[in-house]
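Listed next: structures, encoded as structure tokens.
Same chain, two partners: chain A is paired with chain B first, then with chain C.
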Partner chain A sequence: MMVSKDVFAESVFLCCAISSAIIILAILGFMVALGIPLFQEIPLSDILNGPWAPHHGAYGIRAMIFGTFLIAFLATLICLPLSLGMSFVISSLGGRRSRRLLGAIVRFMTGIPTVIYGFVGIFLLVPLIREGFGGPGMGVLTASIVLAILISPTMILFFTDSLLAVNAAYVQAAKALGATRVQRLLYVMLPGALSGMASGFILALGRAVGDTLIALMLAGNAVRTPQGLLEPARTLTAHIALVKAADFDSMAFRSIFACGITLYLFTILATIMVRVMTRERIAIS
Partner chain B sequence: MIRGFAEKTIACLSWALALSLCLSVTVLLSYLLIKGLPSLGTELVFGKADPLNVLLGRERVFDGIFPAAVGTLSLVFLSTLIALPLGICSGIYLSEYATPGMKKAVGGLFDVLAGIPSIVVGLYGFSVSIFLHHHFSERLGPCLLISALSLGVLVLPYIVRSSQSALEELPAHIRCTATALGATRLQNLVYVLLPNALSGIGSGVILAIGRCAEDTAVILLTGVVATAGLPSSLFAQYEALPFYIYYISNQYTNPAELSNGYGACLVLLGICSVLFMVARGMQKRLFHWALYSR
Partner chain C sequence: MRKTSVRISIIFCLFCLLASPCYAGALTAFDRQSGTVKIAGGTAHIPVMKAAAKRIMAYNKEIVITVAGGGSGVGIKQVGEGLVDIGNSGRKAKPEEIEKYGIEMHKWAVDGVGVVVHPTNPVKSLTKDQLKRIYAGEIDNWSTVGGVNHDITLYTRDDSSGTRAVFWKKALGRGEITTSALFVPSNGAMKTTVANDPYAIGYVSVGHMDASIAPVALDGVAPTLDNVKSGKYSIARGLYSNTKGDPGGLTKLFIEYLLTPEGQQIAADHGFIPVK
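Then we have the complex of A and B:
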């Protein structure tokens, strides 16, 4: 009796795990299935590299891919020094109380809804950029700045964790040899933490690529390749959100599945890179 | 000498950068508070309607955020209901029963799912609803149930991974005692492992709930609309707080609506930070409860 109960429970758990796994694969399956009519009619190179002109039968998503990576890279570039500074202070430079306070602030930041960053960005940052630098105000730079703040907790938490994960004995030894806090950080903790920090960087980049709301609200959404940082651009994610309104069977609608597949493949690539780098299971932050 | 200077510069620069990040968050929050506090009140939630009548279902709210708040709460409730059992059971399987190879393969899938942009999950939900629309019933379309399902998929990896790691991190002496006394695997799991892992599982769940409450991209594609009133059924369209904020930000027509938007921001931020603090508090309290009061 007990044995059969045990076996029953195990099979229930197994079913749950398998159905969860199937859901994940089904996401890709559904998008490929619904995107097939597009790929049959238009060659892949035209989709990836062509212009977007739905009225002329051109459904290329090049401008969106470019916009996505421009905004995401700029955001991670802005985010990197901020996160390095913050994680240095939290992991070693700060005193006990300031470390706790800053750590609490960063964890609190993970809980601030994305749409609130976007809302404040529109009414606070957009006018500032418009008056300070000219241009329409909504553009690549504005979106990147807000996105940088949005993804910074991810980066900071990963940086701090990998800095603190360095073997304490090494740090103690350096301390015994008379190394100052900065020296311990720079010559002992930092070299040991680099691979963990690199995966934090990639995860933050992944978040920046995958974010929809900030780009949708702040980047201006013009479908063309931006010539400067103040010009508007459209990301893949925003494109999906904007085209969705069109009718189900149109080619324009089909093309958002190309965007979805691109994003999905990028996610898989980033996940593999992180796995290879850390060679262990990554924790979900 | 130069080295010492460089070290000092790095230390100063780190502090400056850390403080500037804190400053920008402070500016963001105080801006929101200054703009949003005046609009907080029953007027924001219920508009011109009488709160008591609204709560009793006798009156509809047209210019308040009540329908949006109810929509968000029902979304959170439904998607947690969907994702919780599935996620916790999958976590238990991965931690307690799976072979190392299976753990690696399925764990990798969950890592991928955790990284998928939420809009792609929304697109999935949208395509599922089209599929249902074409093959089953003309009346099916983007609706509350589809949104809840998609949000459930979105937060599934968080729940799986937090329950898995909460179980895996239990020390060997907890894990082995009951088995040594003759408990079966299932008894050990139900009476020993799960109670001890509750705090970790709970905080993962709360963070997932927060994610459901704040996510906009998924619901944007799966049935949220600007004016729907209270959700009438699982298959109806609905309003939600994050979408209301998004909608106000580019469609507002007068200052009163805008200040409602700021108020809605504060309400949403309040909900999310309360959930967040409950998660932090629960980690400590549940831990205590599991260890000492049983």
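Then we have the complex of A and C:
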């Protein structure tokens, strides 16, 4: 009786796993299939490296690719020191109370809807950047700062979990040798947690690349490659959101599949990197 | 005390007498109806759609009407694909769209598209030529057109916007829009953005104008309701609610309601020009 139940459960879960795998592959196939008219009409190099001017028959997404990675990298760069400090305090340096409080705040942050961050950004940060640094206020820097806050819980939780996952015996041994709290953190916990923290970094980067609303609301969405951090830029995701209303048969609409494929390939790359790193970690432990 | 209550009840009775004929008249068409109407598309239409939907749903609780945005392109596409019952657009459907989907257009108001700036901006009048050069990126500082010495922040809408289509055709004469222009996704977003940026210039449906943004006269003609109505202000377009073929049931009733005196009054109250 038990065995048949097990077999039943196993086959149900196998079906779930297979179907989700098929869906993910089908999405890629679907994007390629629908993008085919574009790839036939316009050489790939023009799509990846040309300007966006639909009225002149140019559907290049270079500015969007550049905008996406500039905003995402800058956001993770801003986020990294914040998350490092926060995870150090939560995992070892803070007192019991502050650790619990900060942990609760970070967990709460994961639940705040993106649009709230965007809205706060429009009314608080945009005027501040415009008056303080110049430029239109909506641009790479504004979007990156808000995006950094948005992705910080991902990074902090990953960092904290990796730091706490370090074998307690090592930490105790260091303590017995007279290492201070900071020394234990920097010389014992941090080296042991590095690969896990690296995957947290990449996942946060992936989240920054994939986010749509912050860039749509705060980056200004101009179709030109940004020349500086205060200039407006458009991300691939915002581009899809803005162009999706075009005619189904138009090349402008087809071009969003090129954006989709680019994002998809980046996600795959990031996932592979995370996999490689976690495998290394397992090998070490 | 008693006097006041008597007075209130008299006023209430008068109000009922005044209100009942015009309200019940148009809404009786929805008696004994039930079901859902899904509306999406043009963002200029939304305030009127919501007001009309609210009245109908308050009159008959069996009816559910949902209103979404997306832009004119989305409206025509979604109604054509059968995803919604009514797809709004701030432009006429293109011949190929009509042919492909069998779109039927119902025009219920005329709407102007006006240039807007922040209320503190001293520039309240531009020539069409200046506007063209601003949007082409040739003029990039407010001081060139009589304002403060600061860069102009240029806002525009995406290609599928009906508001952009009419603005581009009639105000810019199909002129170039520079690639440094910032994009916002709806009429509402344009209003909020310009209201928060002292150096902004953008364009919105006249129905969306309020005190938070300042209209700019073009060649001396201000984008007011009266000027659009008289034809003096030429940057205007029809507001359409499109259906796939001849709509039946509730969808048809909803569009007929927009064209009743009451429906037309709602449009007028929101800053549009009734067609009847």
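Just so we're on the same page, the second predicted complex is superposed on the first by the 263 of 285 C-alpha atoms of A that agree within 3 Å, B and C clash if a C-alpha of one lies under 4 Å from a C-alpha of the other, contacts with A are read in each partner's own complex, and residues count from 1 in each chain.
Everything that follows uses one rule, which is that contacts are C-beta pairs under 8 Å (C-beta built on N, C-alpha and C of every residue); 3 or more make two chains touch, one makes a residue touch a chain.
Note that this is a predicted model, so its numbers are computed, not measured.
Steric overlap between chain B and chain C is present once the structures are superposed on chain A.
By the touch criterion defined above, A:E10 reaches chain B but does not reach chain C. When the shared chain is aligned, chain C comes close enough to touch A:P127, but chain B does not. When the two complexes are overlaid on their common chain A, residue A:A241 makes contact with chain B and with chain C alike. In the superposition on chain A, contact of A:I116 is made with chain B only, not with chain C. Of the two partner chains placed around the shared chain by superposition, chain C is the only one that A:P51 touches, whereas chain B remains out of contact.
When the two complexes are overlaid on their common chain A, residue A:G137 makes contact with chain C while staying clear of chain B.
Using the contact criterion defined above for the overlaid structures, shared-chain residue A:S152 touches chain B, although it does not reach chain C. Measured by the number of chain A residues touched, the leading partner among chain B and chain C is B.
When the two structures are aligned on the shared chain, A:E41 is found in touch with neither chain B nor chain C. For the superposition on chain A, the stretches of chain C under consideration are 62-70, 98-106 or 242-250; the one running into chain B is 62-70.
122-123, 216, 241, 244, 248 are the residues of chain A that lie in the contact sets of both chain B and chain C, per the superposition on chain A. Touching chain A in their complex are the following residues of chain B: 7-8, 10-11, 13-18, 20-22, 24-25, 27-28, 31-32, 35, 85-87, 89-90, 92-94, 96-98, 106-124, 126-128, 130-131, 153, 156-158, 160-162, 165, 184-186, 189, 210, 213-217, 220-221, 242, 245-246, 248-250, 261-262, 265, 268-269, 272-273, 275-276, 280. Chain contact summary for the complex, chain A toward chain B: residues 2-3, 5-6, 9-10, 12-14, 16-17, 19-21, 23-27, 30-31, 34, 81-82, 84-86, 88-90, 93, 102, 105, 107-120, 122-124, 149, 152, 180-183, 186, 203, 206, 209-213, 216-217, 237, 240-241, 244, 248, 256-257, 260, 263-264, 267-268, 270-271, 274-275, 281-284.
By the touch criterion given at the top, residues 70-74, 77, 97, 151, 153, 158-161, 179-185, 192-193, 196-197, 199 of chain C touch chain A in their complex. Within the complex, the chain A residues that touch chain C are 51-54, 122-123, 126-127, 130, 134-138, 216, 220-224, 231-232, 234, 241-248, 252.
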